[in-house]
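One chain, subunit A, appears in both complexes that follow, with subunit B as partner in the first and subunit C in the second.
Then we have the complex of A and B:
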């Protein structure tokens, strides 16, 4: 039987995966639009462009990670969903929040930096590395969100 | 370590200049300095530029029409002596291809113009009046054009009262093709109706005969042109097989362009050039010049005050590939330090911890070994490949330690990070502390080397004392730690503001220096990403395995799909996480490590040498 707690835990997994996924999707999309423009002028730059476009994609993966761990801990994979108390569920929901919000915003902004990095690589192909580093700076915050979400999820003993 | 550079000044005779430049290019050890306007570009430099453009276009054309090079095409070897003689065959090929491609393009253009003319004439093919006869007469005029289909009925109604004869032809996208004759007196009223019903005029081409015949003629002519263009393209395909000659020619031209770019400053009979040479290569440079002539004077001097030589790094073969990581960021400034020897082991360790799956490490190692054997990348790409190869070996080690094999948990030699996150975080932070301490020690070394021992003590050693104090407070019982930490903090506060005037300003400066501890804290926290990235790899692998397992329970079809999911999913995971591991390992070096001591902004040392895109010149 699904208790309110279990439902709240599901909600936590849902927001973590969902919002972080949106962040990555928007970010990768923005970078992809820039990339298409650059490649239309110079198809040889496709490799560099692709690398830069892939950078904002990690937030979605981190969100999936947190969602998966919550779902794993709930026992969904083996088929026996545990009954959680309301407070356990709320704790797991809050544990998913950092990844959700952090992943959403950092993904979008990392996408914008990646798009600018793509324009940088169009003007100066030899400095693509610097564009990659600039985009990777934003990822710090996604990593911090991932970390704290993970520690919080781990801390809820079911 | 950074190689010291010497500045070479050469005086020689102009008649020897070409031979000297050739010898220097073969030797590849001197980077010529341009004096701006005073430097003479040698004769033929512009011509070579045009030739290179022609060769490049020819190569592009050949790539379009010939066989595609496989991804793993290796460079063809060519001896230095053959490289010297400019390939006549290559030059002829370039000319031939230029002519061919020009002809093909003009033929295709003409054919397509004709085809579009035919399309324009399509609605008029039923017209039974030859075009040359279509003209106003003494009493009548005509209008030819398109009327929107919807207006046709209304228009025909309107003109019934006029003495006009409409000839309605085929429908076209622009409307219904129509030819209308009328008496001269009615022309004005007809024009009014035409305007009212959105009639658009059309102008016929100046040809003779019926429209249908003209269309047939044009179609035939276009077909002939296209056929001829096809023939020429087949010819081009044959020429494309001699691609190697063309590539050799291109490489020879680019080497020539580099040689002609800088002829030094000249007088009537002599010239003078300056260049940077590595400290340990001055003998070779002089020998190269002496092999041409003994009428020369060369001097090697240390760089003068204010002159900044380019930077060149030299390391043993384990550390050398990691120069690419520094090159991605910014070369060290001349006279500072090359941190490669410290950076390499940390990069190696961090990469392995971030990828942390021994199965992936194995796949990556084998894959890279095969790829590098086939492609034999040179220069920057070669170094980068080696960095990732070393990283994949590190991955095998850490994967075995953490028990990760393709996402399955097997025999961890150390512990499983997911099960004991705090232990893993402690490991990450411990390594982080080690990394930061190395950075600070490097800075202290640089300061002592430059003679500022007091500065090294106040700015670096003091912090180390304080950190040692914290360490002792946590692990060593007794007040040792507390006193050490307080001592360190005291030194920082008292000496942090030593550049300022007056006791209050100095104390303020000291307190602000102490505030830097927040900077160190955030640097340390950054190392937690090692845990996060390792976790990401492991959990995604687990997800892929779980999905495959669920599919396998659905019968044989499910099993087949599951195999695909496993292969595709793990491959995707490897690619994404190698990118992440490399970028973040490097980022930890650039921001946290280099931030402690690095002086960036070095210029690259690019000597005059034979640099080829396609050929592999053996001396």
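Then we have the complex of A and C:
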């Protein structure tokens, strides 16, 4: 029988991976559509477009990382799921939230900036680097979310 | 397979707009040694890609320009995620076709050369409507107007009135579409500015040609911010006060300044030039709204302006005189 605390910890892992994954999916989707438009007119730009399209994909990886650490701490991997108190579970749930919310929002907005970078690449291919830098700036906030979630997850003593 | 998303559409348009001609490129085309060299420079920019060497060799520059314009209209039509709003910007093509078909029918001649593909309504549909004098397939504003024109034709032909009524139908249709969609984007700003400016120009023209108020009323276009009565009253006030008379609403200041400049210089082309600049400024204001219709319509109207500029340039080159470029988007 799984305790409420353990269930909350699972929920924390689920929102971290799920929401950040949605953010990445939407972001990569936005940039991908923009990229398809540019490449359909100039296939030679595929390389530059691909780099920009891939940028919003990192949030999903960060979310997966946090979710993985949570389930690892819970003992899911070795088959001995721990019984957590409600407060321990609540703490792990809250630890997953920064990555969930930060990953969701930054993924979507990074996708929009990456799409704009793709338009920049279409008009001025020599400035693609600047488009990548602009999109990478949004990454900062996904990394900050990852950092705080990581610290919080590690701060919960089981 | 084209996708109906702004991201995809603006991506394609961003790439295509790199081929648009700016003032510097147009200058180079003008300064080439001969018309043939100018044409060769134009072909290097991507024009004439789908034409045969024989068609290009005929040096029918208008053919090359029209071909490119049709390709641009087709691409925009293919990628736009908002076809209903986009179609409003192509209604001028339909207006031209309707007027041409109607006049050709009245004269008993064919008019295939001057008809333009790429309007909001399929050309074959327009041909059929005019040939059968049955306009049920057209939107209400056009249907009512065309039926009225057909009834009036029995009494006589007034080509100016015919043209004004079709233009009026176009703006009534635009207004009905925008009202139905509750659109308050740059599209409404664009057509409202165009209607107000055209109405002010009509007042100036009416005064120059001594038209009566009834004739002016026929020329007035719906959809602007300035009330029709303001324009009608403009017939009876001193010319020096005409600018101030139009200074109402969002577009008033600009129109007022343009009319005052016309009154000061006596040059009626000032109004047209100021209107083109103002309309292009509306499109430029949304040029960087990357997830909207702005860049798509900007490209379409930019290509239209480019075609106009090329006609001016080649005309000036053949005539051996200096040109004045119309307002460009690029």
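Operating definition for what follows: the second predicted complex is superposed on the first by the 158 of 158 C-alpha atoms of A that agree within 3 Å, B and C clash if a C-alpha of one lies under 4 Å from a C-alpha of the other, contacts with A are read in each partner's own complex, and residues count from 1 in each chain.
What we mean here is this: contacts are C-beta pairs under 8 Å (C-beta built on N, C-alpha and C of every residue); 3 or more make two chains touch, one makes a residue touch a chain.
Remember, predicted model here, so these are calculated numbers, not experimental data.
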{"item": "Combined model on subunit A: subunit C and subunit B, fit or clash", "value": "fit"}
{"item": "Subunit B versus subunit C as contact partner of A:154, first or second or both or neither", "value": "first"}
{"item": "Touching partner for A:61 - first (subunit B), second (subunit C), both, neither", "value": "first"}
{"item": "Subunit B versus subunit C as contact partner of A:70, first or second or both or neither", "value": "neither"}
{"item": "Angle at the Cα centre of subunit A, taken between the Cα centres of subunit B and subunit C once the superposition is applied, in steps of 10 degrees", "value": "50"}
{"item": "First, second, both or neither for A:146, with subunit B first and subunit C second", "value": "first"}
{"item": "Which of subunit B and subunit C A:41 touches, first, second, both or neither", "value": "second"}
{"item": "Partner chain in contact with A:26 - subunit B first, subunit C second, else both or neither", "value": "neither"}
{"item": "Subunit B versus subunit C as contact partner of A:137, first or second or both or neither", "value": "first"}
{"item": "Chain touching more of subunit A, residue-wise (subunit B, subunit C)", "value": "B"}
{"item": "Smallest separation in angstrom, by C-alpha atoms, between subunit B and subunit C in the superposition", "value": "8"}
{"item": "Residues of subunit C that touch subunit A when the two form their complex", "value": "3, 5, 7-18, 79, 290-291"}
{"item": "Interface residues, subunit A side, partner subunit C - complex", "value": "30-31, 33-38, 40-42, 45, 112, 115-116, 118-119, 122-123"}
{"item": "Subunit A residues touching subunit B - in the complex, by the definition given at the top", "value": "51, 54-55, 57-58, 61-62, 64-65, 68-69, 77, 129-130, 132-133, 136-137, 139-140, 143-144, 146-147, 150-151, 154"}
{"item": "Subunit A-touching residues of subunit B, taken from the complex the two chains share", "value": "327-329, 421, 525-526, 528-529, 531-533, 535-536, 539-540, 542-543, 546, 576, 579-580, 583-584, 586-587, 590-591"}
